[in-house]
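Once you've had a glance at the structure underneath, I'll fire off some questions.
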Amino acid sequence: EPQAEVLHWWTSGGEAAAVKVLMEEFEANGGTWTDMPVAGGGGDAAMTALRARVLSGNAPTAVQLKGPSIQEWYEEGALGSIQDVAEAENWDELLPEAIQYHLKCDGEYCAAPVNIHRIDWIWSNASILEDAGIEPPKTWDEFNAAAEKLQGMGILPLAHGGQAWQDATLFEAVVVGLGGPEFYRDALVDLDQDALTSETMVQVFDQMRTLRGYVDDNFSGRDWNLATAMVINGEAAFQIMGDWAKGEFIAAGKEPGEDFYCSSPSRGAYLYNVDSFAFFNVDGDDRQAGQQLLAKLTMGKNFQKVFNLNKGSIPARLDVSMDEFEFCGRQSNAELGDAIENGSLLPSYAHGMALRGAQAGAVTDVVTAHFNSDMSSEDAVAQLSQAVAASQ
Amino acid sequence: MTDLSMNDHQLDERANRNRLMKRIALRLGLYTLLILFALYYLMPLFVMVVTSLKSLDEIRTGSLLSLPREIDFSSWGKAWSGACTGIQCNGLQPYFWNSVLLSIPAVAISTLLGAINGYVLAQWRFKGSNILFALMLFGCFIPFQVVLLPMAITLGALKIAGTIPGLMLVHIVYGIGFTTLFFRNFYVTIPQELVKAAKVDGAGFFRIFFSIFLPVSPPIIVVTVIWQFTQIWNDFLFGVSFSQAGTQPITVALNNIVNATTGVKEYNVDMAAAIIAALPTLLVYVVAGKYFIRGLTAGSVKG
Amino acid sequence: MSNAMKKEMATPQTAKNILAIENLDKSFGSVKILKDINVAIEPGDFLVLVGPSGCGKSTLLNCIAGLESSTNGDIRIGGRSMTGVSPKDRDIAMVFQSYALYPTMTVGKNITFGMKVRGVAEQEQQRKLDEVAKLLQIDHLLNRKPSQLSGGQRQRVAMGRALVRDPQLFLFDEPLSNLDAKLRVEMRTEIKRLHQTLGASIVYVTHDQIEAMTLATKIVVMKDGVIQQAGTPNEIYNQPANMFVADFMGSPSMNLIPASAEKQGDATKISITRPDMEDIVLDFDREIEGLKSGKKSVILGLRPENITDSTNQHITKGQIADCRVDVVEPAGSDTFVVTNLAGKQVTARLNADATIIAGETASFAFDLSKASVFEPETGARIA
Amino acid sequence: MTDWLEKHVPKLVLAPSLIAIFVFVYGFIGWTAYVSFTKSRLLPKYDLVGPIQYEKLAASPRWEVALTNLAIFGILFILFATVIGLILAIMLDQKIRTEGPLRTIYLYPMALSFIVTGTAWKWILNPGLGIESVFRDMGFENFTFDWLVNPDLAIYTVVIAGVWQSSGFVMALFLAGLRSVDGEIIRAAMVDGISTPRIYMSIIIPSMAPIFLSSFIVLSHLAIKSFDLVIALTGGGPGYATDLPATYMYAMAFSRGDIGQAASSATVMMMIVTAIIVPYLYSELRPRHD
Amino acid sequence: MSNAMKKEMATPQTAKNILAIENLDKSFGSVKILKDINVAIEPGDFLVLVGPSGCGKSTLLNCIAGLESSTNGDIRIGGRSMTGVSPKDRDIAMVFQSYALYPTMTVGKNITFGMKVRGVAEQEQQRKLDEVAKLLQIDHLLNRKPSQLSGGQRQRVAMGRALVRDPQLFLFDEPLSNLDAKLRVEMRTEIKRLHQTLGASIVYVTHDQIEAMTLATKIVVMKDGVIQQAGTPNEIYNQPANMFVADFMGSPSMNLIPASAEKQGDATKISITRPDMEDIVLDFDREIEGLKSGKKSVILGLRPENITDSTNQHITKGQIADCRVDVVEPAGSDTFVVTNLAGKQVTARLNADATIIAGETASFAFDLSKASVFEPETGARIA
């Protein structure tokens, strides 16, 4: 009988409800689901636990993992294959190519995706924008113009939480918005030194400095949801945050497209964060059977839909009907399609999709140091290139 | 009596009054300061309690430090048995018992080990015993992050990874240093003649320990138990690393409630959960705090 | 130490010895604490070890009890060598300075604990407890905890714990030193009586010489881990082997006065020089070792009770001298008077009703019949 | 055989604990030191590559910040916790009627883990939510208390919270110490004509040197181990302005997947610990005549 | 307490009194520790407070020092009422049992600290320190810490700290009780000498009666917070006001023997009944209060030194009796012999060279010229 012990960090009410669907399906198929939630630090705590589990030879059957860390774990010899399920279910057809890349280890599937988060969203308070006569910004120039105007009116333009990962989230949105998809890929996926030291990168840091001017003094250490609450309460106009912020708006009784808007500064590009389950090498038929079943159900249409309705993201497989999704979800899905076609579907560096931990960490160290001090853009660029070189 | 001595008397009186006034002023200042400090210490607890009693709406809109407009206990119930700590939404309750199951034996065993180690190191010294004690003490100071990975490998090799006994082992091992320190410093104040008398009486090592030393140890046992219980109950790092589904201690669950990354935050529930998780240790401090100082005076402080 | 005595101590190995210690050495690390100790006692003996603090008395006792292992030499109890025998198998009982009562047990339990450990039958325990409790008059205290007892009561309980054992040898380590003066005197008599009643063999450590004198049948005086003298109380008191023993035993202690001895024909004269007064010249009726003729610096040892006021009727003529009185200490039963001879304080013991005033001059009688004379350099007794 | 057993019981009894300590403390330190010379990333690897991790560490500005912070935090934390603990102890020693409850209030932070209190502190110290806003609401428009969000000052807020948590314990230590000072000494000083403050300053406090030492050791090990405190309060931010060696090490090992680097920082930490603890152990345990 | 004495104590308020305590009461909570204490001393007096442990001696001293506030009554030092005056303003110095040296300061600092706090000039401090250090012979120790001193040296330093103060009144709380017997005797003499040299006024607490006897010019005996007797050492020793004082003062203590007194014409006879031997009948040459004629049960109080061996030449005829010897304690300078009279242990003090054997019968001489007689019920002295 299939067994699954699942390590994840979806512990808030909405998230829990979302994964619960999977558990119910899993148990309906005769499996036993053992829940192993570890929240905290955006998965840091879970990763700590995972490492201890793997080292003690007691790996969980499935783990919420994403991006390059899947490959990293595979290289450590810890991951198993679910190629059989993937072939049987024809995953190659159902998933965008860019995303398949993250899930495959040496050409075989070793992880199953659950969703696609869009990172580069600008959330805005509809009534403020209407009062100021501003459209939701679509480029950084528009954003700057809008922010100037709002500032003139005594309204705080940008709600931001000063935590390293939030700084990074801002940063990558600026990189893709100013530099375009190619530049983004060179700079933050390939860590190309030319790109990192280019004039564009200097402009990126300039824009970061500009954004810093739109943020209140007390942003430091603020949780993202408190920043969202500022937008909801009309204390600030914008927040740049992944689509989970939507959940806060909805929980506060706001209607997407009416009470608040979602727009992207990325000019057609799309920064994604795909959560997935990776499957570790485990002993015992029951647990291996559990992995197969879990992989299959994860990619199931129903789960993909229900999970993402709850979570604010959109399904990873492309053939799920978006009818039940709200405005921003549908917009996200539509722009995803465009991005796939333009080849501007890009992995989020801030959320660990583009780089390995050490490299991403090195970039973030510089970004956050710059944002939280009066470092010049040139210095930041120099430090960035140095830190990246050192981390390789 | 003569006039002169009357004067003396009046002078005495006035001096007395002045002294009294000065004393009262001093006392007043003293109490004021003490209360100010008390406020500093109570502030976080105040914030937590107040927040736990507010509704979510009020938290979103109001000042965090203001008193609740309406007292609402529902978040306490939710934290205990309804908050989501993962897929299950059973609150802290199941994890609470894990922690109880873990900490009581771990505290008992590490205290007993500390007692017997302290007994040896204080009363049965042998060549090199001081160096061994120093080596044990050094174990108190190792940062726990450092040992996570090798400990995981070791627990795996011992086949107790992810089990409560495994977690207990970790806590016991890293508690030994402190418990031994407490007991040793307590037992060195007991005259060696007691052991000698018992030896002549025919009692052996264990007999002396159980019949004579253990019965005099309550003060230091209190100190040790408080210390160990606080450490073990509050531990998160070991708890999260060396547990698996079903054996996670309460701190991990609390963390899951409080630190959800991309979900909606329910601060009132968070705070209620935090207080519930801290209740046992708080209780221990309130009930046994008196004995804590007494125990420290009795042994672990060298004056 | 005289040669004769040395010999006696060196061959103690006779069947009747209950305790025999031969050539015992004991070191802690590199520090030698006990050096070549030889002691033997017979059944019923009451051996008292005296000496200043830190001289190794407790260490010696612990060696006998097996609580410390000796570095060298042999200890025999009841004729059996004790090497490697653990304390509990040595058939000894011990009473400690701090009493070492088990703090959490009642008096009764304290006393019976040893028997319980050894598995003595419940009934037998009770019987012995009753017996000992009656003997020591602590029957009404049996249910109290040690903390609820007075010092003297604790002391009794500690003795009770030893007595129920009925061992071959009792060891006492300064059992009275934690008591106040009055109680100490009482308990001293009690111990003496117990010894006389039970006829037990006892080794007893103290640094109180009065205790030593009153209790012992045999005294061993130690200093820095070396035996200075062993003998009966009388020998030790009246013929101290050296100045250390002379000074140590007796309270107030023996006056040790620098003097010079001179052979004048058959007679020996001892004279004490004083800067401000005329010399005191005293007749001495014994031979002084090494003084064949001429003059010699010596130390004259005179006990306070041998310097009395001149109205004392024992005194032979010519032994009376005037001295200035420094301090007068009436002690009720006696009056002690301190004067200054040859730069040293000298104490005299006078009658309680002696009327003498500090600062004035009084005449004292010197009784040299019990005086000792010491060699100034070595401190050894020469007469 | 039984004799042998009897003689060696104490050692045998100590053995399990000792073995455990040797494996779980010294073995692990050794393991960590070894791994610090490898290129281990996600999981430990055992091929030695020389001191490159230390070179990287030396070049890392973040590590530099962490060390500087440890110095600032360590010194201030120890200083304030000691001073406040001492002051509280002295005040409580003045025959205070409500000593019991007050003592419990001062002591209770020890009972709470920072997972619990971190959020509350974050709010209190946050200028927009906590003390600053409360005071401004009360009409003190210019009241500013924004250390938490100032990269140069944020580390001091960590000190505030750290002191809050630990000073009660120090208070307990000192109170216990005060309670065991020989009453006759104080009486002697009073008769000697010395005023109460002077008695504390010149006689009692100097005589509590061993307690200063004990609390220094306890506090310094807390300072070096400080982790929860930073994570809960600032998350190391703003930027990495409040990073400490322990958080650096943790970040490297568990979020960055750079175990080699983590091991090297851990080794440096252990060396700092050793430098502080060994002299203490030496002084504590050298043979004394008592 | 006799009425005459009570009166003397109740009106101590004369100008020349350096210390006067009137009707002092002291309670801790509801427990009365001191009850109606009246004491006065003149400049240069050496007042010793004695009494068993817990009788309130330290409490009384602390009241004088201002370390405890009294519940009732008045304390005057140098004629000034001390109510509400803090210890530091009372112009007193105090020496404690544990010496209470400041552990972190050197000996020199310990001694000068009080002066430093009072702002005495550096030079003056040094001068006084030198003076006192020389007086107490501790000049070579000035740079040591207290922990590096021996007990006797610490004791001297504690005294030094008091002496530099040059106060109106010195208070000593059992300053010698932590020293061993030998050192105690030495320091006792030293204190006596200091008192004689300086002429200081001293209140001194001890529970050692020998200390009390030798040091005091005036002794106050306390029990349970009540003064039992106040008087000179001689009065206390020879005319104890009651059985408690009689028993408490003197070592070995006074023998208190149940006896019956009978008036036979002009003569008074005291007889001691013995079950196993014939009665001892002794002549008594003073009047017994309340005995006009006939017979009366009394307690006969006889000091050990007044029971000697019959060869003693002082003894009047008819006062010799045979007794069985229980215990013999040769103490070097004397031999103490314990016998049993009327069911009570009775100690006799014999010469050191007395040859007497436990268990046998010997004849003793009873000297009743210094005997006391007590009322059995009240314990009060009646002759």
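The chains carry the letters A, B, C, D and E, assigned in the order they are written, with residues numbered from 1 in each.
Note that a contact is a pair of C-beta atoms (placed from the backbone, for glycine too) under 8 Å apart; a residue touches a chain by one contact, two chains touch by 3 or more.
Just so it is clear, the structure is predicted and the values come from calculations on it, not from any experiment.
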Farthest chain from chain E by C-alpha centroid distance is chain A
The chain pair joined by the most C-beta contacts is B-D
If you average the Cα atoms of chain C and of chain D to get two centres, how far apart are those centres in Å?
56
Averaged over CA atoms, how far is the centre of chain C from the centre of chain E? Could you give it in whole Å?
26
How big is the gap, in whole Å, between where the Cα atoms of chain B centre and where those of chain D centre?
15
So, what's the distance in Å between the C-alpha centres of chain E and chain B?
53
Touching two or more other chains - residue numbers and ranges from chain D:
6, 44, 129, 207, 250, 253
If you look at chain C, which of its residues touch at least two other chains?
86
What are the residue numbers in chain B that touch two or more other chains?
148-149, 151, 153, 237, 255, 258
What does chain B use to touch chain C in their complex?
191, 193-194, 196-203, 207, 211-212, 215-216
Residues of chain D touching chain C in the complex
3, 6
In their complex, what parts of chain C are in touch with chain E?
53, 177, 180-182, 185, 188-189, 192-193, 196, 207-210, 213-215, 233-234, 237, 248-253, 303-305, 313, 326-327, 329-334, 336, 338, 345, 349, 352, 358
Contact set on chain E toward chain D in their complex
62, 65-67, 86-90, 92-94, 96-105, 113-114, 117-118, 161, 165, 171
Per the touch rule above, chain B residues touching chain D in the complex are 30-31, 33-34, 37-38, 40-45, 47-48, 51, 63-65, 113, 116-117, 120-121, 124, 126, 129-151, 153-154, 172-174, 176-177, 180, 204-206, 230, 234-237, 251, 254-255, 258, 267, 270-271, 274-275, 277-278, 281-282, 284-286, 289-290, 292-293, 296-297, 300-303
